[in-house]
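Chains: A, B, C, D, E and F, in written order; residue numbering restarts at 1 for each.
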Amino acid sequence: MRWLPAIGSAPGTTGADERDHRVFRHTKLLQFEAKPEKPDPVYAHKLQELIGGAFGEMTVTMQYLFQGWNCRIEGKYKDLIMDTATEEIGHVEMLATMVARLLEGAPATATAEAVKDPVMAAVLGGMDPQQAIVAGGGALPADSNGYPWNGKYIVASGNLLADFRANAAAEAQGRLQTARLYNMTDDPGVKAMLKFNLARDTVHQRQWLAAIEELKADGLEDDVAPNALLDEEDQTHNHTIWHLSDGPDGAKGTSWTTGAGIEYLMDPQPLGGPGTAPKPDPALYGTYAPLQDAKGTAKGKAKEVKNKLT
Amino acid sequence: MRWLPAIGSAPGTTGADERDHRVFRHTKLLQFEAKPEKPDPVYAHKLQELIGGAFGEMTVTMQYLFQGWNCRIEGKYKDLIMDTATEEIGHVEMLATMVARLLEGAPATATAEAVKDPVMAAVLGGMDPQQAIVAGGGALPADSNGYPWNGKYIVASGNLLADFRANAAAEAQGRLQTARLYNMTDDPGVKAMLKFNLARDTVHQRQWLAAIEELKADGLEDDVAPNALLDEEDQTHNHTIWHLSDGPDGAKGTSWTTGAGIEYLMDPQPLGGPGTAPKPDPALYGTYAPLQDAKGTAKGKAKEVKNKLT
Amino acid sequence: MRWLPAIGSAPGTTGADERDHRVFRHTKLLQFEAKPEKPDPVYAHKLQELIGGAFGEMTVTMQYLFQGWNCRIEGKYKDLIMDTATEEIGHVEMLATMVARLLEGAPATATAEAVKDPVMAAVLGGMDPQQAIVAGGGALPADSNGYPWNGKYIVASGNLLADFRANAAAEAQGRLQTARLYNMTDDPGVKAMLKFNLARDTVHQRQWLAAIEELKADGLEDDVAPNALLDEEDQTHNHTIWHLSDGPDGAKGTSWTTGAGIEYLMDPQPLGGPGTAPKPDPALYGTYAPLQDAKGTAKGKAKEVKNKLT
Amino acid sequence: MRWLPAIGSAPGTTGADERDHRVFRHTKLLQFEAKPEKPDPVYAHKLQELIGGAFGEMTVTMQYLFQGWNCRIEGKYKDLIMDTATEEIGHVEMLATMVARLLEGAPATATAEAVKDPVMAAVLGGMDPQQAIVAGGGALPADSNGYPWNGKYIVASGNLLADFRANAAAEAQGRLQTARLYNMTDDPGVKAMLKFNLARDTVHQRQWLAAIEELKADGLEDDVAPNALLDEEDQTHNHTIWHLSDGPDGAKGTSWTTGAGIEYLMDPQPLGGPGTAPKPDPALYGTYAPLQDAKGTAKGKAKEVKNKLT
Amino acid sequence: MRWLPAIGSAPGTTGADERDHRVFRHTKLLQFEAKPEKPDPVYAHKLQELIGGAFGEMTVTMQYLFQGWNCRIEGKYKDLIMDTATEEIGHVEMLATMVARLLEGAPATATAEAVKDPVMAAVLGGMDPQQAIVAGGGALPADSNGYPWNGKYIVASGNLLADFRANAAAEAQGRLQTARLYNMTDDPGVKAMLKFNLARDTVHQRQWLAAIEELKADGLEDDVAPNALLDEEDQTHNHTIWHLSDGPDGAKGTSWTTGAGIEYLMDPQPLGGPGTAPKPDPALYGTYAPLQDAKGTAKGKAKEVKNKLT
Amino acid sequence: MRWLPAIGSAPGTTGADERDHRVFRHTKLLQFEAKPEKPDPVYAHKLQELIGGAFGEMTVTMQYLFQGWNCRIEGKYKDLIMDTATEEIGHVEMLATMVARLLEGAPATATAEAVKDPVMAAVLGGMDPQQAIVAGGGALPADSNGYPWNGKYIVASGNLLADFRANAAAEAQGRLQTARLYNMTDDPGVKAMLKFNLARDTVHQRQWLAAIEELKADGLEDDVAPNALLDEEDQTHNHTIWHLSDGPDGAKGTSWTTGAGIEYLMDPQPLGGPGTAPKPDPALYGTYAPLQDAKGTAKGKAKEVKNKLT
């Protein structure tokens, strides 16, 4: 079987190229150009958010990879996920390269004492010390406050509806942060790259929203994730919003009341009894004694009560 | 002005009830009953996921609170967010109470030596040691692997479309995990509580999806978050999926191609040049020397090359 | 039964107000005013410490909530804890609102290039990039170095003496940090809010110290937590301080020697034998061989020794 | 035996006391014996809590070291802190040695398949996989759920009252956890060591409480930390407890009302106005539009409103 | 320019294949087979260490990628790094797939109550709850204690000697952990895969050690990293080991004394004065007063002393 | 001067050498002087990297301590480790003292408004807010971005080859970061201390590299860690580098090809089949249905397929 079969047109009609079978592969050409006009170490600091932030490129890379590996249906969904995952690795590369270039010529070793003008002062104050001390003028796997990327940022649940929603949300936050960063620079080279990023975030948002529709069209999932236990869940409480803050306008939203058939419960009541914690295990030394007895009694008495528990 | 104005009738006209103005308030009655039939410390361990996991109740509590405080439009959206946020605090309470009750009578101090039957062995192996050692038989602000809840689990961006997507995603993952946990117990008391949780997760999913529609109906946001820079982003690359993995079926999804007008780019090419990192700052001691010169030369020669850089 | 019974008069006798039974509730009025006179994004950065720092308001909120839920005695202690817990949620709200207001008009998207005066340079250098990029001009659940709040900051052990000590300590550190931040601003609006915070931290310190006295008066706990195993612990070593650093004055403290009956052991000796780790499990490949044999022997010999272990 | 034995020549024969000046020093004899009667890998797992937990020995070691280094008064306080800090390093050593010995002979590489009796099953289920895989049968710098020790567990504020309170609290939680673990083993060797630990935690609790009294006797600190801004803080709110949960008994505590002169405010009211977040910076794309206008208008209209903001 | 130029032999002599220019790419065929003979959820739990542990495959993937992107010399070093980095992504995939397969048929939803035999008890106790609850029967980006992978595990300093040492160390720890895990299973399918992993870790260790030699041969780096400031560093202290613990044998190692010319300093002395912290800033409320004055004085006196500082 | 001076009576007059047996001990004299000429809070911020960074002094302290405690061979290796470990504690002390001194006189409470010149602006922007707010002008157990030190930074595997490699790598990164920081200050006092640090890092690098040679000379370990399973590992794949990125020069490195006998595999092929994840457990709700059937079918049909799985 060929690695890259034709779809409609015939890009792969030429003979098998076994050389293509090399698991993950890499070319040194960047996915998009990443050349700033001039150095800007303060911006290099901020740009870390798009690399190692909660909604940065490391997140979508790892989220899509794990989702693809955890996908239980062969075919269009898994292939879509893996195509996108593979693209995102290249985004991290592009951004890491941009950071290194923005740091070229940065006053990495300048002292505060040496500052003579405000521009330089703002640069010294706004630099990420670890980009110099730890990475020697390169990017870090961390966000714009130096917090490292971590595996809790991603989810790969095996349920595609739940995961595609998370993907659409991640791309939305990612594009939002990119748009904010777009407004924080005037450098044409940086802006050109971010225009590419914005575009990719746009199509990825649309793609995951469309994939949710496809899941429904295929009858695989429905509006609620997971498409299960809908008959077993508490029917009294699966269509009400509880009014618990005093803003009066929550009930005025037509989409969630009229549109989605949700009832705004203006006077919700607790349905359970008191949240009393059970009597403690004496071997764990939680403070305990029937308080009505303990009050006004001497220490000896209370100890006696405690001892009985034991 | 009344704290809790009627909806429909004129808000605020009935007599003031000043006692109601007490910022956050709490009643000791649980939102829903949380009484297990019998102890189950292994399940108490697993249930931590719904308290302090990435998609547990602490997450939705804090996510909605910060979104509400960060919401820039007074009215129905903010009120909806704050109503839901306030409800979620009570969910944490309900689950924490359930954990304490599931641990009542647990063999917290039993030794492995004392085990005589497999049920007990499974219990000893599957307990969370910190629920006994740290919490004295209570719940922890952590997940089912003992990892503490942290603030990176939440987002409150100020952009309601991006945030509502994150909310719908969180409720989907939350309901999915609840459904999985529902299948891991036979206790009628636990199942009753989880049926309530499932129901709330259902309506919250629907509510946030409806709120996204409301944002569009109000002309505040559109399909893509943020609703900005759409004309400035790279028009060539905002409607293509790049085929980078070899699964051939990604292009077969009709929703994202025909439906969403996305083109499947079967033969994507890098758009940038080589990702070469710049010449290092000599004061940061990155390894460097024009390699074509350095090869085959003596140390002295290479050092000389290095020195020139400095 | 009424939600909020009178104290003094008969609790619960007046007419039921069922509307009050709404678990956690919220009013949109702030606990205290949070209006700065003018924006100050550098201060908004520092103020994060009081929101999401180890001793910030998220900590006391969650610590008291979990302590209340984990409290095993109904009555005055639990009620005190829950009253205080509920207040603290409002403190987070107040501070998050203050941060958003301090950021209004902040030069979120200004570039370092544009800086023309030192004040602006200090502002650019001292801002929290994530308040703009992630929160869109709002507060984060993180501290003043961008580190996220996490569940390890809190403790709810079920032992009230141990927990009330932790509470008194947390309020002390909290007031100390508030006092330091009070000295870092001249804004009358900010100072007014911080005066309220200082006051609350004062009364909370006093309250937890008093609650410790109450525990003793009730005979529930005593000086040492837990009030157990005092006869079983090592009687030789429960009243000595070991002199292990060379500062000579430790023994001069009268409160801990004369007052508390502690003996300053000037010449402490190790009580155990050598801390030798046991022979390793060969299947785990710890480096091992009887070294007196191995020295000076050839590889083959040492391997032979190793093999015998296996 | 001499502490510093000669090797070949006789470096210690001169008897010079200057040899003693060697910064931190170490002897290989354990502070107390750490020999279990038999292996117990499940207990070795739990014992991690006392090494790397939030209130384990790594915490008190580092907390006291940093407090000592940060102490601004030479003399009895600093010397007391450094004496205690130096002792705690040895506690970590003692516990790490105990863990290694409890793991000797543990079925580190046994498979679940091989299990034939419940005791073994409980052992396999309850072991810490990383003690074998990562540490090769030794201790980890982590707690009983495998979460690594981190620097946020400690505080060294420079204010001795605030810090000594934190120390007394840490020793209380530490002794509580030790007492719980004492009840989880029958091994005489382990129990002997824990009796030593309990004793040290007792005296350390007493010592820090006494040191707080000493601070007051010396006129250095008082009841409230820091002893400052007491006249500037909000006098109306520095002696009231706000009744915000519905448990009626909080006001019944005599120590905090009569004793500490605190007033229980039964009907607290919000003191601030609405917590409205300010108008967003258009460049950050927070969702915004005067909602009363936006409702019912077409997209174009709302966009127009939005554009005006920009 | 061709993507895959010939080296010696001519694998790429046929004409340019532009399709190859696709940045990162992926084929669905695994790098090596990952098929267990039968399910083993306890082993799936342990195998997480090789995926998301500190020395797992996510670490080497990200470490090599960032090193490659941060490499300042084009040519053999960078190409070697990127070749290896790209391979490691496939290792994560292989292991994640193995985990999913080991979980197939796992008793994910079995209750402790249902356990009837010890094997099942050990399985229930030893499973990772999040593999079921969070990942739906798949791998997590976390280690064998559920701790998430994070960016602090990696280093990419730009200095190739320092980084290649870190690489050789990571591959050594990785192979060690793999070898331990190899002894924890009898499954032929798992063992076959681990034999492949062991082999790759062997060659990667050798490769990085060789690359260190290459750096020296090229005159780019030397024995000490960085190859700089060797003349400026303190010449008195750059060749001595300080004898500070009482084990007498440290000086007996011939390689580090005779071999490396290091002197074993048997009687090291402190070179600095007392580590006194400076007088505190009064606005930060560190406890302070000249203690010799404060002792025995009344509060008023001590306060007076404190005030003078201010 | 005696290390342990008498207080009142004369506890040290007996001259007994037993006094030396005091586990860990400490003298207040610093290992090396740490006196800056003048304050520099921006540098105090950066210096945190050497205290609590991934390769700072807390890391080597804890890494060597745990390695020593986990070492299974008594004698020269263990003694070397413990000598070095004990030295490193003093390095943390020296650096923490330096930080406190660099902060003396820092404008901890200055407001951005008050800034009048660029030097001050750079200082305000570049300070670590927590050094003032949390530590009151002292050091933190954190790195230069405020991220806390944590136990995952260290390794103590019991295998000395693997651990000594990690040590040599840590000292290399440590010296590299120290060298970078050396270039970021002009203060003679700071530079003098760093010259000492550089020297210690030099000798420690040499020492661990020599210790690796000693392990080989003693026949305890060999080139590859662990020295085991070399015959069992996959012989086909333990000597090849896979060419997976397109840089052509990887194969040109003579040390790793000719020198180490590694073959550069220019055309590597996947050795496994498709990485298909198994059919999901229906109780965990992974999305699944034989897709070839599901496509084009109605919802009912797909549900039917799903039900059959259950």
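Here is the rule we use: a contact is a pair of C-beta atoms (placed from the backbone, for glycine too) under 8 Å apart; a residue touches a chain by one contact, two chains touch by 3 or more.
Keep in mind it's a predicted model, so treat the numbers as computed, not measured.
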| item | value |
| --- | --- |
| Chains in simultaneous contact with chain D and chain F | A, B, C, E |
| Shared interface numbering between chain C and chain B [over half = same, under half = different] | same |
| Comparison of A-D and B-D (more C-beta pairs in contact) | B-D |
| Rounded Å distance, chain C centre to chain F centre (Cα mean) | 26 |
| Centre-of-Cα separation between chain E and chain C, whole angstrom | 30 |
| Multi-chain contact residues (two or more partners), chain E | 3-4, 11, 19-31, 54, 69-70, 74-77, 82, 85-87, 93, 97, 100, 108-109, 118, 121-122, 124-126, 132, 134, 136-138, 142, 145-148, 150, 152, 155, 157-159, 161, 176, 179-180, 183, 226, 228, 242-248, 252, 270, 274-280, 283-286 |
| Touching residues on chain F, where the partner in the complex is chain B | 176, 179-180, 183, 283-285 |
| Residues of chain A that touch chain E when the two form their complex | 3-4, 11, 17, 19-31, 52, 58, 62, 65-66, 69-70, 82, 85-87, 89-90, 92-93, 96-97, 100, 134-142, 148-152, 154-159 |
| Chain A contact footprint on chain C (complex, rising order) | 18-19, 21-28, 69-77, 108-113, 115-118, 120-122, 124-130, 132-134, 136, 142, 145-148, 157-161, 215-216, 218-222, 226-228 |
| Chain A to chain C touching residues, read off their complex | 40, 42-43, 45-46, 49, 53-54, 118-119, 121-126, 143-147, 176-177, 180-181, 183-186, 242, 244-247, 267-270, 274-280, 284-289, 291-292, 294-295, 297-303, 306 |
| For the chain D and chain C complex, residues of the former touching the latter | 20, 27-34, 54-55, 68, 74-80, 82-87, 93-94, 97, 100-101, 103-106, 108-109, 132, 136-138, 147, 150, 152-153, 155, 157, 159, 161-162, 165-166, 168-169, 172-173, 175-176, 179, 182, 195-196, 198-200, 202-203, 205-207, 209-211, 213-214, 217, 223-226, 228-230, 232-256, 259-260, 262, 264, 266, 270-281, 283-286 |
